[in-house]
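Once you scroll down, you'll see the structures, which are given as structure tokens.
Common to both upcoming complexes is chain A, partnered first by chain B, then by chain C.
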Partner chain A sequence: MKKTLISFIGLILFSFNVANAELHLELNKGLRASIPIAIVPFANQQNNLSDPLNIASVVSNDLQNSGHFKVMPVSDMQQQPTQLSTVNFNYWQQSGYDYMVIGQVTPQGNGTDKVNFSLLNSVVGNNNAANQNNAVVLSDSFTVPQSQLRTAAHKISDIIYKNLTGIRGVFSTRIAYVLINRPNNKLPTYYLEVADADGYNPRALVQSNAPLMSPSWSPNGQEIAYVSLANQKASIYIVNVISGQQRLVSDFEGINGAPAWSPDGQQLAIVLSKTGQPKIYLYNLASGTLKQLTSGYSIDTEPDFSPDGQSIVFTSDRGGNPQIYQLNLATNQITRMTFDGDYNARPSYTYNGQNIVVLHRDSEGYNIAIQNVASGGLNVLTANGYDSTPSVAPNGQMIIYANNATVNGSLGLVSADGQVQLTFPVPAGSNLQVLEPAWSPFLG
Partner chain B sequence: MKTTNVLKMSCLALGLLSLAACSSMGGNGANNLSTTALGSQYGVQPMGVGNNILLAAPHNQSYYYDFNMSVLKPQYVASVQAQANYMVAHPSATLLVAGNTDARGSHEYNMALGERRALSVVNLLKQSGVKSSQIRYISYGDMRPIALGNTETAYAQNRRVDLTYQSK
Partner chain C sequence: MFIFQKKYQPSLIIAAAVHFVLFFFLFTVFAFNSSLPYVVKSGNAQQPIVQAVAVNQQQVQRAVQQLQAQQEAQQRSQVAKQQAQAEHLKQMQQQATAAKYAQEQALKNLQQLKANQQKLQAQQQLEQQQAAQRLAALKQQQTQQQQKVAQQKQHLAQLEQQQQTATQNYKLQQQKLAALQQKQQTMATQKNLQSQDAKDLLKQELQQEQSQLNQAKTAYIQGIVNKYNALVIQSIYQNWFIPPNTNPKLSVKLQVNVAQGGAVSNVTVLQTSGDNALDQSAVMAVYKASPLPIPTKNPAVYKQFQQFSITMTPSEISDVG
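Showing the complex of A and B:
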């Protein structure tokens, strides 16, 4: 099976003339039973292992960081075949790696490379020495601009991950986050950044000398709604991730905040305090009409739609302290969802709607927790004590959040079962602070 | 428990931002973020100084709040009323009232808490006769701290309403 994929999703991000620190993942904890796999350096790439465009290196990191795989260190590989005909399956099975990936990068001229890869089952291969083709689980190829080899690598990771776990991978998705630069003796600059899910290729989509907040991806991944506090007022904007064009959504007196897209992309749930109290409204993007959803003397904020669009979860202090409530959009009935602890906020549904992820405070501080919607059982996933803004990956496997334990902050990843934890550290000693991550939907 | 497996850790400075600390990445060294200079950047009085000028009017003020509270403390009431008296006597004067919170908790919830703090001052100004048209207010939530870090001192300085004259 061969096909040619000429272009990947090429998002042209407006890049301001500033540098952006790349935040690179570190795996801190990975306790899952994992699938052993060896990603052999591709032909024409063996000598470039530290190159960010090295496909085997990118795929290895992707799979290792997912927590589902035990990836063979390249330094342990006594053989590095790049063609099926030269694979000694006995060696790979004896080394304990049931799966392996081989491939080739072939320059095509005009700045493009053809990337071929095969996922092999070394156990099958070792038992079928007469016909090694039986060991081929799948093969695929892409032709990409040489500058996009990393994109091709993430695509390969997605294909392998889906085949071996049955779960759609998020290696080709993106994250948005807010980066603050605080140069000494100068006012801070705030950036709304978009980067690959592994932290590479960051671009500043919006730059401001006033705080930026609450990025929220549209369901098609093409737009981000966010909050600006420029000009001494709060405003909600939508920025197009591809063109960089912006449009104002809302700038009433008081709070204009916490935008969240409806699953069909046609409405935003937003928070306005124009009546004196922060309340949740539905804003119809086509007609511009507003519908107030909640009322009363309480803080109601941080709405998030259920995946079926039938209800909204939100944070409210109507019971005396912040807890999560669910609003049924058909009946307007409001039901309290969280009862564990005296502070639960910033709810978001996992993409199957079976769980909500929240910011939870207990004696260990502010941590990320997940609650099963049906049973109400709450499981605290992190133990940093200074966490905020959880955002769920579109396959529901990982949650990205901000860890504010240090002045610089960091982004953390934790698996939905708490078993895998990773961090994107910000350079210690820098003037940078990172916060407010938001995971994109599946792209393309 | 941290068995850090450093998968990828390089320090790329791709342009103007100078990441001076590249060589110390991964260490626990002190950071360069000032914990004292931010307030002056925003034109905000550091805590303590304000106590001497509370009753001066017209004079920019900062009022501080207890954790998770949005009630104006009694010791600030006379100060707000002094500003109100000036505003009533000077109808062309305008004020910006900005509410802030400490870094803990959820950003958007803190926006709401910061607005309640701002309104605790705005409402007293209005009750004292100041016209709505003379007052603008905003919550910055936890997004504009004057003190950084997870210390009680920093938290206390950031739980704050800044009253700033836009015109006198």
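Showing the complex of A and C:
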């Protein structure tokens, strides 16, 4: 009986094996390369943007600057199809562009435009000449006011980037920075500016005759806390990004500086010197209550919350020179984090809390560095020697910083692996100086 | 034994000098003392004093003045001489100091030079070492690569050999079978009176031969398949651009349909990695590898590749140059 059963099972297994004798392969290695993509100019796009830049070039610029894409120059395109039916996939695959984007802009009257676009896989398209619909990776459309076609273009970039890299794009985020205008023989004017993530559409949110410093975005992206010396001393204000309304939040005796929002937006970590040396405090925005977090004779400043809200990193000279320390908010335990070099300051966490970005000084001067929290390994990313105030993009892929090598200063971008280095466009002028960039969280 | 020791030398010299000086003084003082009373005696004895005083007062004064002048001149010249000597000494000292300083400076410079040279040498050595290390690492990489290539070649050669053996075996079996079939035919046509046993035996023999042939055929096909497996994997690898920040532990399983000639007709995800971008990159890699390097002549082998599955894991990522 037992024998029969076994042979029966054996028979089943055997027949199963025969029926599924399909070939199976294993591949466990691949290549690191930029994704080749062509953004074909959209139909009718020229009609709608007075700006010389059009939708396709905004998207091209976004993807190229991310460092993850190799974007085809428009001048190389011998064909510029705008409909799926007219795409010759063979040409695009032969040109080496695995992916392509086509689209159309259609005016809807009353000042709005409909924007359609499709992300196409030219390789699949070339292999499926019979059914070109197989080549469509995704399609989408939006109707937007004509003034916001640029916003629509950034949205398209976000969708493509997310689909092909698996990472959420930051093309629709914003950058805040401090702009100083120093006209000859006149007192300077300070502006808190907010611009798109590609530097376009800059506008002044706050204007003051007194210095403005340390902008910090609220987690929902609707407010910015900053420091103003308008009252002859450093005080902390909050400005609403949409309405421009300002309110004074911290005006204690001495310095009120370096505000940083808690991830829930309920509290600000701030620096007060009311007891002598600058120390870190927790300020509850709703109740106005204050809790001192650090004490002693050292200077403690530049706090930043971990993404889980469990701890705060800050700069302190308690060890003799400026280094980064971590404060566990539950246990109040303070641990030193940086040991590389005799100067590390201005810490901020990346979105996943796995790394901190710092300002690092060594024989090469002041540069931006990234440190792995778990391993403690520090990697210097820039080599300008005059860098300051790093701020990390909400997807952790890029860092914006101020480069003070010239009197006017400039804003630089560097990828988290140091491979991509770019200059962020800001209003230029011999009397203008740019400082202290701050990257917004994801918006909307 | 009495031995001069070096540390007594200065004291001995001083003692000798003191003796000499004392002797000199003794001698000169004695001479002076002995002449003085002699001179006074002779002066007192002769010439009337008053007259001489009146007459010679002026002469004496002149003489005294002359003497004084002489003495003063002598003194002055002596002072001048001394001053000149002092000046000379001072100059000599200054020169000596300057020389010494120059020497020290030269020594210092030399030391500095030496130190710099040493530093330079150390740096050069370090650089050389680093260069050597880099070279060694590069060489090692190269050797590894060569080894890998050699291994792959060997593997391919093995497969080739296996295939050849299988082919030979297959052909042999085919020949045998043909011979057997012919034998059966001739026997059938001869319509000899045969015993049932002989017929059965022949049938059994034929069956056995057929199964052996089938085995040989399978091995033969398998040999070819193994060879082309490696080629297909290689061509997909060369087209797989892995998205940034991908978890190397994820894997995606695809089903690939291939048309005659190796063109990829369809790729479907059998088992997602959970990362859409990774899945998509894998699908793209297979399409880009089209047409796949598969055998087109042998229908039995093509049948194996007509539909196959592949599991792709980005555990090893190489940079594209």
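As a working rule, the second predicted complex is superposed on the first by the 399 of 444 C-alpha atoms of A that agree within 3 Å, B and C clash if a C-alpha of one lies under 4 Å from a C-alpha of the other, contacts with A are read in each partner's own complex, and residues count from 1 in each chain.
By our rule, a contact is a pair of C-beta atoms (placed from the backbone, for glycine too) under 8 Å apart; a residue touches a chain by one contact, two chains touch by 3 or more.
Predicted model only: the values in this text are computed from it and were never measured.
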After superposition on the shared chain, which partner residues are touched by A:Leu164: those of chain B (first), chain C (second), both, or neither? second
So, A:Pro307: does it touch chain B (first), chain C (second), both, or neither? neither
Contacts for A:Leu25 in the overlay, against chain B (first) and chain C (second): which applies, first, second, both or neither? both
Determine, under the contact definition given at the top, whether A:Asn184 touches first (chain B), second (chain C), both, or neither. first
Touched partner set for A:Pro145, first chain B, second chain C, both or neither: neither
I'd like to know which partner A:Val123 touches here: chain B for first, chain C for second, both or neither. second
Now for A:Pro263: first (chain B), second (chain C), both, or neither, which partner does it touch? neither
Residues of chain A contacting chain B in one complex and chain C in the other: 22, 24-29
Please give the residue numbers of chain C that touch chain A in the complex, ascending. 225, 229, 232-233, 236-238, 240-246, 263-265, 275-278, 280-281, 283-285, 287-288, 290, 304-305, 307-320
Flag every residue of chain A that touches chain C in the complex, lowest number first. 22-35, 68, 98, 121, 123-124, 127-128, 137, 163-167, 397
Can you name the residues of chain B that touch chain A in the complex? 1-17, 19-22, 24-34, 37-38, 41-42, 96, 98, 103-109, 111-113, 115-116, 119, 136-141, 143-144, 148-150
Given the complex with chain B, which residues does chain A contribute to the contact? 17-22, 24-29, 61, 64-65, 181-182, 184-188, 211, 213-214, 229, 232-234, 254-255, 257-258, 271, 273, 276, 278, 299, 301-302, 315, 317, 322, 343, 345-346, 359, 361, 366, 386, 388-389, 404-408, 425, 427-433, 435-436
